[in-house]
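The chains carry the letters A, B and C, assigned in the order they are written, with residues numbered from 1 in each.
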Amino acid sequence: MWQQYEIRLKPRRRGFHLVTDEIVAQLADLRDISVGMAHIFIQHTSASLTINENADPTVRVDFESVFNRLVKENEPYYEHTLEGSDDLPAHIKASLLGPSVTVPVSNGRLNLGTWQGIYLCEHRNQGGSRRLVVTLQGE
Amino acid sequence: MWQQYEIRLKPRRRGFHLVTDEIVAQLADLRDISVGMAHIFIQHTSASLTINENADPTVRVDFESVFNRLVKENEPYYEHTLEGSDDLPAHIKASLLGPSVTVPVSNGRLNLGTWQGIYLCEHRNQGGSRRLVVTLQGE
Amino acid sequence: MWQQYEIRLKPRRRGFHLVTDEIVAQLADLRDISVGMAHIFIQHTSASLTINENADPTVRVDFESVFNRLVKENEPYYEHTLEGSDDLPAHIKASLLGPSVTVPVSNGRLNLGTWQGIYLCEHRNQGGSRRLVVTLQGE
């Protein structure tokens, strides 16, 4: 069984956001898969997806602080600067975290660990709504 | 053909550890797949998986040194500090490296390059045994 | 439907290189898949794959600059130094970016966003030709 969904996430401010429920709510066929995989892919180069702690919101605050220090804005050696000071750092952060997550599906649900959730990593100041392509397969 | 395995890795100290053989030994159906994929997923947010050099152990020592400098403990701006100084850095390292690796399967074995092995990246001082979900598919 | 391809990319100098077209040209069965996935895996530990902007080449120049500062050569604490000053940093960069990308396939083509392309990230000074294993599946 193959199913593919084009999903739009609602716009979010720059930072790290828990989006597991918003994604799962749009996967109508997930419950019918007893063993399989979900591939969740973001069609952008300045936002990314990752999996991390779903409980304490300060983890997501700290992610933003750490990534802003790891990849600073306005470095004098940047060449790609026309789209704003947040743009090139957004591209780098997007590749450090990656454009997709793949999650095992078991008994009709994403088989995440107890403390795991899917993050939308919005690296732009004004990213707008982000498009995902979710591919479900299994039996 | 779909097979899913829940595997427990034995506990390891903080650092980077070669676990290819420990994983493969538990995938009874791997030999029956001529073309396929293995998705190996860790159900934790402070440990991760990556693929890197399987030969010289100093590579894994240097990984630990580099990641400890890239994401330092006890930064004054961290907010998520209640679970110990190694906790927030562990979450960041886990997302930089990622919670899963996907490996092509060819002729009944993981089709890794000659020098590639799967690393468990244990980012906590006392991580304990780590759970994996391995999804095999193919024909 | 499963197809697996062993592809050799032509050698490139150290840096970030757009290789989407070189890969797609070698996937003869891609056009026959209406819904599926492409898993593109590099069999090396000092080069990697990522997805990022396919337009302005200065993005790729800046990637090289940023990653060279994020993971410096010749740090006094490195132990794995026998294969040259670019070797250990290449391993770290390879794991930060990862050995594979997985892309949804829709209507016979890679369903990348408008601005997305696949990068070969060549972290060695003399990396030579790099081997990929591409696994296509779908229906």
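The working rule: a residue touches a chain if its C-beta (ideal position, glycine included) is under 8 Å from a C-beta of that chain, and two chains touch if they have at least 3 such contacts.
What you see is a predicted model; the values in this text were computed from it and never measured.
Counting every residue number used by either copy at the chain A-chain C contact, under half are found in both chains. The angle of the rotation superposing chain A on chain B, based on CA atoms and rounded to the nearest 5, is 120 degrees.
Averaged C-alpha coordinates give centres for chain A and chain C that are 20 Å from one another. Looking at chain B, one finds that residues 70, 96, 98, 102, 137 touch two or more other chains. By the touch rule above, chain C contacts chain A in their complex via residues 35-37, 50-53, 56, 58-59, 61-63, 65-66, 70, 96-98, 101-104, 106, 111-116, 119, 137-139. For chain A in complex with chain C, the residues that touch the partner chain are 2-4, 39, 41-45, 70-71, 75, 77-80, 88, 91-92, 94-96, 98-100, 102, 131, 133, 135, 137.
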